[in-house]
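For clarity, chains are labelled A, B and C in written order, and residue numbers in each chain start from 1.
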Amino acid sequence: MSPSIVIEVALQGLLMGLVYGLMALGLSVIFGVVRVVNFAHGEFAVLAMYTAFVLFTALRLDPFLAMLPVAALFFVIGYALQATLINPFIDRPEHEQFILLVGVAIIMVNGLLMVFGPDARHANLSYSFDSWLIETPFGSPVIVDKVRAYAAGAALVVCGLLFAFFRYTLTGTAIRACADNLVGAAVVGLDVKRLYALTFGIGLACVGAAGSMMVALTDATPMLAPSFTLLAFTIVIVGGLGSMAGALVGGVLIGVAEAMASLFVAPSMKSMVSFALLVAVLAVRPQGLLGRRAA
Amino acid sequence: MIATLLKATPPRARVLLALLLCVLLVAPAFADRYVVSVLVLVFWFAYVGQAWNVMMGFAGLLSLGHALYVGLGAYVSAALFVRLGIGPWAGLPVAILASVAVGAAVGWLGFRFRIEGVYFALLTIAFAEVARIGFDHLAWTGGAAGLFLPVSTGGGGAWWNLRGGPVFFYYLALALACIAFVLCAALRHSPLGYRWLAVREDPEAARALGVNVFRARMAAVLVSAALASVGGVFYAFYYNNLFPSQTFDVARSIEIILAPIVGGLGTLFGPILGAFILTPLGELLIALTEKAGLNAPGTKAVFYGLCLIVIITLAPNGVWPALKKRLGIPQEEA
Amino acid sequence: MSTLLAVAGVSKRFRGLLAVDDVSLSVADGEIFAVIGPNGAGKTTLFNIIAGVYRPDGGRVVFAGQDITGLSPDAVCAAGVARTFQIVRPFPGLSVFENALIGGLSHGGAIAQAREAAGDTLRLLELWDRRNQKAGSLTLPDRKRLEVARALATGPRLLLLDEVMAGLRPTETDRMVAVLRMLNRERGVTLVLIEHVMRAVMALAGRIHVLHHGATIAEGTPEAVTRDPAVISSYLGTEALG
């Protein structure tokens, strides 16, 4: 096997991993602040894919532009969901929260199935097959799909904006305060429930953006949803639940590992590799690579 | 043992239970094929729900991958039958052993490294997914194309090879549900059962009272996996076909946990009640959508999802505790 | 009297903070022994080391001639040491009787024996009438009593009591003192208590061990300890003696 192929596949995995990372970032932010595990995460990602797909087919809106309205829409959905359904659950046992979101997930994936059917939907972008050729000393050049590079770049930009939001804005700081010390945050007069709703909105906005990009990269089908949920969890646990940088690092790690597994073993076996990675991380470093150990 | 259990059951509950059992015993004589097949499903879900309830309801361990143990039981017994001609009764212990061994691996990994709550639930899903992908690639069991059991094998009879008709499976499923109920009732009131409850409520306090938390949790996983495995054997010989994408699917795992949650987590009647509520409603829904000419395969699942949300929001303890009060069955007394 | 519990040079450090600093003490069989000291003195950490929650960084814990250093909490309980938690932790979803029953199971697991132990300790702590109530619905004084009853149901030779008087009214404190004294005299249970309520300490303890910043500053009879200048300046203050 030519080294160029290996580099090419690794690079593909890395670029894809950044988009996965953005999706997982949403999960991580929600867990880090609201302490609720969004079991419907992959379902939201697929819903975003379909939303972007509909915008593309109906209005010829490019998925990379559709990203903005989809993210905005998902922010609203997330805010509303937290404010109505989930807020009453924040003091309930973990398994009850989990079951609530399992219910949401079931409804979403089967709702999509009822509306769009089980067949894969493909968004035909004019630049889907454009690529760059990079010369290498190994004889054959490395091919980089432009659309993947755009998606990865966009994912990095969104992540950067999110970092800045949490670090430099007043609201971002208030949300971090909630994550750090809930009682303290309530004592100083922060409206915790509103901040939770905002956070859930931001988390889903990440998923909305990532889902829109993914339409450009893969076909949409409802059946992707559970595997996306698992993928997001795997990434976040590997990187460290609640750590923003961890989600990106985990995404890249899983992206590259799965790409390598597709190349050397079989594409259908690729999630085995991420599960193996998950089990290894859980056993050796349960708080994740960049996570802090709970006191 | 059964005598002490009966003594612990309030008289009113005893009468109701006996009545229900009588009705179910004679039902096949009056009910048509369709009703019988729905009741088989009810019993089956009551059975596997009971198995899952041992882990979640008793020991407080959320497993979202119970399709794994059911599926292993199904695949091991079916493959032994199809490939090696080993009958289900001989295959049963092997099937149980396989599920218990995998359960031990999940439990060891989870409890040895203190993987708790949501993390543990994810670990169980991950193992079920690994099994799904693994069986997809395992040619010996038919891979993704599925494994099929011959419907008739001549000789051997209904009993020996579990090749009977609907009524045969009806009584088999009813027996399974009853056995699981009695077994769980006995476990619930055994020292192990009380230790499970202690661990569920507060592991740290349980430890201080001399409970070996690791051992108690491990026991819960092993018992639950073994029970689920038997449910899998039944499933394989009842349906005669197995596909990894269905058998080990997360959706299957979730279907298994619905009945005990709706009926009442940690209660003995919860899984039974839940199965009696959900399965007929689901079937009814399918029948209605078909009659309306809609071809909407997700309807039943959407309904189940709504049930989960409504129950967990309004009555997180399930239907049974409320119903129990209605029926005038008193709390258990010491 | 023979030594039942011997703690020898035990230390525990959390992220650089020395919570327990080279503490040694020995408790005789049948004694009532109190550990006092200001908040953060390391009392509860010391209990957690004895009970097996923490493994000490140095030193040894010997109980009835057996080295129990670093054993798990359930093994320590099986050896004959029971403890209560400072912040009570009843099993809220279980009945009062079931709570005590679980303690009773530690004898070896026979259910009949456990029921007997549970009934016995619940009567002793005046909780028998509430046996069918959910533990989560009890009032604080009742929860404190349940905490003691549950620990007692394990049939310990040594009972570690972490502030069982805190939050009780004076009359309730007196009842608890009477129960503990009875346990000690009639059943021969050795008691080690962490306590802030000095009235109870003075009424019960034969000897007092005083911790400050994780280290021992005094040990002796109640009379001697309360006159110790180091103890007065660091903990008791002047008004406590008044």
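A few points about this structure:
Operating definition for what follows: a contact is a pair of C-beta atoms (placed from the backbone, for glycine too) under 8 Å apart; a residue touches a chain by one contact, two chains touch by 3 or more.
Remember, it's a predicted structure, so these values are computed and weren't measured experimentally.
If the chains shown are joined wherever they touch, the resulting network is a simple chain of contacts running from one end to the other without closing.
Set against the C-alpha centre of chain A, every other chain centre is closer than that of C. Between the interfaces B-C and A-B, more contacting C-beta pairs are found at A-B.
Between chain A and chain C, the centres computed from C-alpha atoms are 50 Å apart.
Rounded to whole angstrom units, the spacing between the C-alpha centres of chain B and chain C is 44.
The mean-CA centres of chain A and chain B are about 33 angstrom from one another, to the nearest whole unit. Multi-chain contact residues of chain B, defined as those touching 2 or more other chains: none present. Chain contacts: chain C has no residue touching two or more partner chains.
Not a single residue in chain A touches at least two other chains. Of all residues in chain A, those touching chain B in their complex are 37, 85, 88-89, 92, 94-96, 98-100, 102-107, 109-114, 118, 226, 230, 233-234, 237, 266, 268-269, 271-272, 275, 278-279, 282-283, 286.
Across the complex, chain C meets chain B through its residues 51, 53, 72-74, 77-78, 82-83, 85, 89-95, 97-98, 101-103, 105-106, 109-111, 114-115, 118-119, 131-132, 150-151, 154. Per the touch definition, chain B reaches chain A in the complex via residues 56, 62, 64, 109, 113-115, 117-119, 121-123, 125-126, 129-130, 133-134, 136-137, 250-251, 254, 261, 296-299, 301-302, 304-309, 312-313, 316.
Those residues of chain B whose C-beta lies close enough to touch chain C in the complex are 189-191, 194-195, 197-198, 200-202, 204-213, 331, 333-334.
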